[in-house]
Amino acid sequence: MTEDVTSADEVRQGKLRLLEALLFASADPLDEETLAGRIGPEVGALLERLRADYAPRGVHLVRTGAGWAFRTAADLAPILRQEEEVSKKLSRAAIETLAIIAYHQPVTRAEIEAIRGVVTSKGTLDILMEHGWIRPGRRRETPGRPLTWITTDHFLDHFGLESLRDLPSVEDLRAAGLLDSRPVLLGLGASQDDAPTPGAADSQDE
Amino acid sequence: MTADLFGADPGPEVDPGQLLLVLDGFEGPLDVLLVLGRDQKVDLTRISILALADQYLAFIDEARELRLELAADYLVMAAWLAYLKSRLLIPEPEDEEPSGEDMAAALAFQLQRLEAMKTAAQALFARPRLGQDVFARGAPEDIDIRRKSVYEVTLYDLLRAYGDHRKRQEGGVLRIQPVRLYSLEDAVRRLSDLLGHMPDWATLASFLPAEEGSLLTRSAMAAHFAATLELAKAGQVELRQDSAFAPIFLRRATRDGSD
Amino acid sequence: MTEDVTSADEVRQGKLRLLEALLFASADPLDEETLAGRIGPEVGALLERLRADYAPRGVHLVRTGAGWAFRTAADLAPILRQEEEVSKKLSRAAIETLAIIAYHQPVTRAEIEAIRGVVTSKGTLDILMEHGWIRPGRRRETPGRPLTWITTDHFLDHFGLESLRDLPSVEDLRAAGLLDSRPVLLGLGASQDDAPTPGAADSQDE
């Protein structure tokens, strides 16, 4: 009887160690499905256990997007910080565009332009995509079928977000009605033509 | 929330003259309006659109006085704001058009939305970032348990490859941007005007416009030279060149044809 | 008195967490001297403490020739390495061929060669097929009945696309900055016409 309990514990302990090693070996997040393939269906509980084990340590187990990864603790950032290379600094346009895609996704380029009031210059969407932060989403089923843009799991990982719900102030902005991506005015930026629906504005671009 | 987003930092007081100095730093007319709006030191939900329109129109006037080249969308915004202003000042006609109040509210909303996104962008980039504040395992071990992707190819790589390919294919199709050149007609008009103020011989070079850009300068030289020939043919100027490659002099033709 | 002890403990705990994060994030083993520079002279004792903490886990702190580093536990190596695969870089020719098949499918090999302007080596299509990104489609009903190539569902899966319709169009690529075919006319002074906003230049492309 006692032996059985011990052996079940040992199996569990072994799985925990394997899970830990798998996550530790990888620099990129591993999704739960992949891990379940190696560990078994109890991986969810084991991940929570591991997260709790590491919570007080200098390395944390974090959930980001679809996956899990070990990352240095966020509170150590001031000591560990490495300044970004100057060449990698993003333009203001790129930073704002990323925020708009993150908060308004899926969002068309015409909508981004309506929000910013300027056309999107080169070196904006392509740079964000090169960083692996955004990717094309589904086409909008409106006239012209414009392409939409969405953020990636790597975006969540990079900014330490578990999900899009954790975007700063996202609920407040939604409640305030500020996540409406409709073009509003004539004469502003990309939506110069009369655009009663968002789709109509997009169709100009496609 | 609203107060946090919009009331926190009204920013320094900006007058249109100062704004012009940093025109390059703006991301279009809406961005300018936002900076002007912050200058009113109220939260954007209570902003005076009428005052904002006046500020923006003053800004555009000043830019024009300084002969700064403004992109078309700055002028479109100015025209739109002038229209909005007239709609706000005169009694609303009973028709299908959106009312001035509605238009003003829509503009205020757009400014709030842009401000919200700027604030959100700051909050986002203030977060601890991977590779800068938070770090992944520095020495990942070569164990890829995700069998399906042996090759490291991202959608970006794929699209970039296709874009590069298309770029090579489209190499033959030139889209030539309009080139600013000095026309003969411009030069004739300009020389005719200037000659009135030139009592005596002057070099052709002294008539050339002092504008930047080698191509424009060279085309101006050619256009003015051709213009002098046209004007000489018409009997309006006299030309003189002392030797080959020497400066060309010109003056207004004297009426009696002597000299 | 008790407070002093607590605070000394906290300092020690903080140093332990920093040590852990430094070792985790470093690409190379860190030597004791370097660590002492960040942590203090007690680093030796802290390293031993950390080694003991991790001894039963799936990740070990090991001393290598040059210094200290975290490694997955040696006893797990056989299980971990079971599916070890080295990721490879795909050649430029292969990526371009894949892109052309994706955009022009169904497309014959002769057509791929006509589009690329170079002969496609046998190995390129083999690699793409082996990887499950492309497969033979229907034969073209033209003389010689050449085989056509099309992309697979796995292709969509790998690149995170829901359907082929979600591939960005050439116009989308241009708008995103991934395809800029405007030649630079050096010395023609065309740049004078550039408006102060970066977007203005783009609008000529729309």
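Order as written gives the chain letters A, B and C; numbering starts at 1 within each chain.
What we mean here is this: a residue touches a chain if its C-beta (ideal position, glycine included) is under 8 Å from a C-beta of that chain, and two chains touch if they have at least 3 such contacts.
Keep in mind that this is a model prediction, so the values were computed, not measured.
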Farthest-lying chain, centroid of Cα atoms versus that of subunit A: B
Chain whose Cα centroid lies nearest the overall Cα centroid: A
Between subunit C and subunit A, distance of the C-alpha-averaged centres to the nearest whole Å: 16
Cα-centroid distance, subunit A relative to subunit B, in whole angstrom: 35
Between subunit B and subunit C, centroid-to-centroid distance (C-alpha), Å: 38
Residues of subunit A touching at least two other chains: 22, 24-25, 70, 72-73, 80, 93, 118, 129, 135-136
Residues of subunit B engaged with two or more neighbouring chains: 27-28, 73, 135-137, 141, 143-145, 154-155, 159
Footprint of subunit B on subunit C - complex, ascending: 21, 24-28, 69-72, 80-81, 83-90, 92, 95-96, 98-100, 102-103, 115-116, 131, 154, 157-161, 168, 170, 173, 176, 178-183, 185, 187-190, 192-193, 195-197, 199-200, 204-205
For the subunit B and subunit A complex, residues of the former touching the latter: 1-2, 5, 27-31, 73, 76-77, 79-80, 103, 106-107, 109-110, 112-114, 116-121, 123-125, 127-137, 140-141, 143-146, 154-156, 159
Subunit C-facing residues of subunit A, complex: 16-22, 24-25, 56-59, 70, 72-73, 76, 79-80, 93, 109, 118-127, 129, 135-139, 145, 147, 152, 204-206
Touching residues (chain side subunit B, partner subunit C) in the complex: 23-24, 26-28, 69-73, 135-139, 141-145, 147-155, 157-167, 169-171, 173-180, 212-216
In the complex, subunit C residues that touch subunit A: 16-22, 24-25, 57-59, 70, 72-73, 76, 79-80, 160-163, 165-169, 171-172, 175-178, 180, 197-203, 206
